[in-house]
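Each chain gets a letter, A, B, C and D, in the order it is written, and its residues are counted from 1.
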Amino acid sequence: MKFIVKYIKDIWGAITSLLKGMRRTLYYFTHHKEIITQQYPDNRDTLNLPERFKGEVVMPHDENNEHRCTGCQACELACPNGTIKVIFKNEINAEGKKKKAIDKLVYHLELCTMCNLCIEACPSDAIKMAQTFEHSVFDRNQLTKILNNPGSKIMEGVE
Amino acid sequence: MTNEELKSLISGVLPSATYEEGTEWLTLNMEPTEWPEVAKKLRSDEQLFFDYLFCLTCVDWKTHLTMVYHLSSTKHRQTIVVKSKLDRNKPEIETVSNIWRTAEFHEREVYEMFGVSFLNHPDLRLLILPDGWEGKNPLRKDFEDPVNMIKL
Amino acid sequence: MYRQTDIIEDNRDTAQGNFVINVGPQHPATHGVLHLVITLNGETIQKIEPHLGYIHRSIEKMCESLSYRQFIYVTSRMDYLSAHINNHACSLCVEKGLQVEIPPRAQVIRVLMDELTRIASHELWWGAMAMDLGAFTPFFHAFRERETINDIMEETCGARLTMNYMVPGGVMHDIHPNFQKRVKDFMQLYKKKINEYDELVTGNVIFQNRMKGVGVISAEDAVSYGCTGPVARGSGVSSDIRKIYPYEIYDKLEFDEVLETGGDSFARYMVRIREMQQSIRIVEQLIDNIPEGDFMTKTKAVLKLPKGEFYSRVETARGELGVYIVSEGATTPYRIKFRSPGFSNLSILDKMVRGGKIGDLIAAMGTLDLVIPDIDR
Amino acid sequence: MWSLSHITNEIHEWLSSTFNPTWTLIFEMVLAGVAVIGLFAVLGLVLVIMERKVSAWMQIRLGPNRVGPKGILQSTADTIKLMVKEGMTPSGADKFLFNLAPFIAMIVAMLLMAPLAFAKDFQLWDLNIGVLFVSAISSLSVISILMAGWASNNKYSLLGAMRSGAQIVSYELSAGLSVLSIVVLAGSLSVSDIINSQADGWWIFKGHIPAIIAFITFIIAVTAETNRAPFDLAEAESELTAGFHTEYSGMKFALFFLAEYVNVFIVCAIGATLFLGGWMPLHIGSWDGFNHAMDYIPSSIWFFGKTFFLIFLIMWFRWTFPRLRIDQLLNLEWKYLLPISMINLLLITAMAILKWHF
């Protein structure tokens, strides 16, 4: 007798536990407001990435095509992967003195791990992280970028 | 338990042990030949009862290899480090996988990474490296791999 | 020099009427490139042999050529589900060597991030566990909550998975102004949803039958095999580093070490479920009490650890992570060893499922919560 | 009133008046065959998209929504993809059996359509042992699975096939017993007689609790018989990667896939016929006004409505429950379902003899 009571109790417990789960899935089946899918390429315009998002390293330029990079190579040293290479040129400034300035700041996006160490290392805030994330290209060479604009020069007063 | 108390306790059990100074945890040095005896004592002594081997590794000092065992007790909560110098050309040490079963995997890792052969290990073969790996030990300091290692 | 593959053994096994199947390196239940060679007799498992190394990147060797600031980002790639905690362990170890104290604000932020990571990691495990057992729906439900945490992380740390947020000396940024509010919102959501987990999975009779009595680990075995984290605690072994060897401010916090005595898959399952609630408890205590002040101590531009050996232990979502740095006084570590929880936990797999069915293997392996990059490093 | 039987009658009359009886029969057979294949394809497409939508909504997702309006052409696109895909045969496989297996699966599913009554007087073959025919043929589906699993020369496939063999053979019993309980109540094996016996109410209502128990057993047993989760051990994605059809690709895989869905449709149609009155509208005893109102809804809508409700039920199971282990699966059958359905059959027999049902 005890056995039969236990048998029936087992079945009853099993069925109620299963019904609980089914109630939960039925709730979601009927409540479409709970759907959390983001329709990514369609919602590109409304996509808000937080300002700290680490997408790629960029060098901001002002309206006079001037940047803040002194070419101190702190970023190059800080980078664990050799992502950044600074190439120098000699420039003659207003007083006619020779001055070392950056020619190209080469950035290999394909090597970058977005660790943010270069940004932390930069003493003059010349580089920052951009919020772009759609990096795929058809040719790998396009991932090697030159961060300073052509013809740009260093901003006044940045040492 | 402080390191000093532990030291006196271990000295009672293992009178021949030598210690390193200035370390966070009590550090024992011993010869590879004594290791199985020492390990058994450390594990079985009621006062010590080091039943948990939480780290087993090796360091390549270019002149010799050092096996490093980090032991801890789940009963008394004390920790010690045991070190043993091995000959770099023919590194051999007794396995402890019969005392602490976790050593079986860790010793296999050290075996392929440093080339230390563990005597009487039940299943000493490659775990991580691919089959057909030729006798180079990746974590030794003189290891060079021109294809996969890119020097910056 | 090395003993070669086990083809000979395989032949011996098949002669006895057994047969060998390869689970992995690509298999839905291994959650990565784990390769298990399983000897079966019918459906009964005779032997399991893990073959590792499919994504071994030799992080330990890599770290030997990276400076103390640089090597931290690599560790995010070990156990990518608790990237914060890995970074934390490395930062702790470097700080131990440098003998710097980090400001209280940074400590609180670190602990908060750790606990949120732990919830996110267990959340993912919960979904994947249910999926291993054939229920697909919980996976998506788990991701709903996990996504909220990822969004919070993204806002403060700038990345969702490999944050590189904890650095020697503190944390990289201060918390985002929205952080506190969003964490509170998340906790509201989470408390509402936690009952659903019980309805959908925990209370389900099929689930319980699949989990109970499967993959039993005795307390002695758990210690001997070096199991840590929920795997050991499911067998009643107290192994929570946060309690035993407290780091940061864990000794000042109120939380319980979750212990279950069953030792089976269900016990390990319950440990993780209850651990999520303990993490919520910790977050609740801290979220309104973040002290003001610096989030970073000033450290030198180039870090140099003194000659010696440093070891730090932290509790990740999977168990004890040990970072062992041998320094020769240079700017790079001489030798670095990561004692990863997954590697030790994996070693007990053979012992715990021998004699079970293939279905048991999946149920038991799921509760080990293996992350393959953590095993392969 | 407009109904499907009018159309068939008109076609029959037109054919009879144009051709001699032999040709009429041949044309009608060809028409029926084309109709079955057409229904087969349409059902496959509809059920796949239905499953994907049901699962998506239960999993708080949107589901397919790119191909066609609201994604309803997704399964068509998938079919086209599968058709142009290369149908590979592994080198170690038994080529003949390997290629034969998907067709057997499909033929079995097609045969099962014969005795189904889709609407009033709309049935391919009203044979007098209709229910027995269905039980007999549906057990053949295990042959195709065993064949596929063995011929693939893959250990995963073999394991899946062996599991499936044990499973289908055992669950056949309780499915048969619960079908039998309705046969006892209706007093006939013919599908049309069973439906007609429900003119004053469906068996699930007329048969008190034993009929409900029989219905639940039936649903569980047929879920297992069609290898659907939580009894999908033959496929068991997380254990055996894809079970018996691991090595299949392209159209051969599609045929297995299609056969699975059509099998689900057929067992649900049988369930609807036996327990929910088939095409019979909802009638309650002697409430003539109500019964009359219900008759205005076409009988084919009743049939498909009931069937799709049962299909939804089976999909609902799939997206809620975890999978059983092989020994638990057999335990469930031999320790729970079989004894229960045996006792239940006794109760129903007693009820039928004593005329206790409505």
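Throughout what follows, a contact is a pair of C-beta atoms (placed from the backbone, for glycine too) under 8 Å apart; a residue touches a chain by one contact, two chains touch by 3 or more.
Please read all numbers here as calculations on a predicted model, not as lab measurements.
Visitor: Spelling it out: a chain qualifies if it touches chain A and also touches chain D; which chains qualify?
Guide: Output, common partners of chain A and chain D: C.
Visitor: Relative to chain B, which chain has the most distant C-alpha mean position?
Guide: When every chain centre is compared against chain B, the largest gap points to D.
Visitor: Need the central chain here, defined by C-alpha centroid distance to the all-chain C-alpha centroid.
Guide: That would be C.
Visitor: Hey, which pair has more contacts between C-betas, A-C or B-C?
Guide: Counting C-beta pairs in contact for A-C and B-C gives the edge to B-C.
Visitor: I'd like to verify one number: the distance from the centre of chain B to the centre of chain C, where each centre is the average of its C-alpha atoms, in whole angstrom.
Guide: That pair's centroid distance is 24 Å.
Visitor: Could you please state the distance in Å, as a whole number, between where the Cα atoms of chain A are centred and where those of chain B are centred?
Guide: Chain centres of chain A and chain B, defined by C-alpha means, are spaced 41 Å apart.
Visitor: Where the CA atoms of chain C average out and where those of chain D average out, how many Å apart are those spots?
Guide: The answer is 45 Å.
Visitor: For chain D, write out the residues touching at least two other chains, lowest number first.
Guide: 58-61, 319-321
Visitor: Could you pull out the residues of chain B that touch at least 2 other chains?
Guide: 152
Visitor: Which chain A residues sit where two or more other chains touch them?
Guide: Each of 18, 21, 24-25, 36 in chain A touches at least two other chains.
Visitor: Which residues of chain C touch chain B in the complex?
Guide: Residue positions touching the partner: 1-6, 50-53, 56, 58, 60-61, 65, 96, 221, 223-226, 228, 237-239, 244, 308-311, 313, 320, 322, 324, 326, 334-335, 337, 339, 343-344, 346-348, 351, 376.
Visitor: Residues of chain A touching chain D in their complex?
Guide: Spelled out, the residues of chain A in touch with chain D are 11, 18, 21-22, 24-26, 28-29, 32, 34-37, 39.
Visitor: Applying the document's contact rule, which stretches of chain D touch chain C when the two form their complex?
Guide: 55, 58-61, 155-156, 159, 163, 229-230, 232, 236-241, 319-328
Visitor: Flag every residue of chain C that touches chain D in the complex, lowest number first.
Guide: 19, 21, 27-29, 43, 130-137, 139-141, 144, 200-201, 204, 206-207, 209-210, 357-362
Visitor: Could you pull out which chain B residues touch chain C in their complex?
Guide: Interface residues on chain B, with respect to chain C: 22-25, 51-55, 57, 59-60, 68, 70, 74, 77, 81, 100-102, 104-106, 109, 112, 115, 124-135, 138-139, 143, 149, 151-152.
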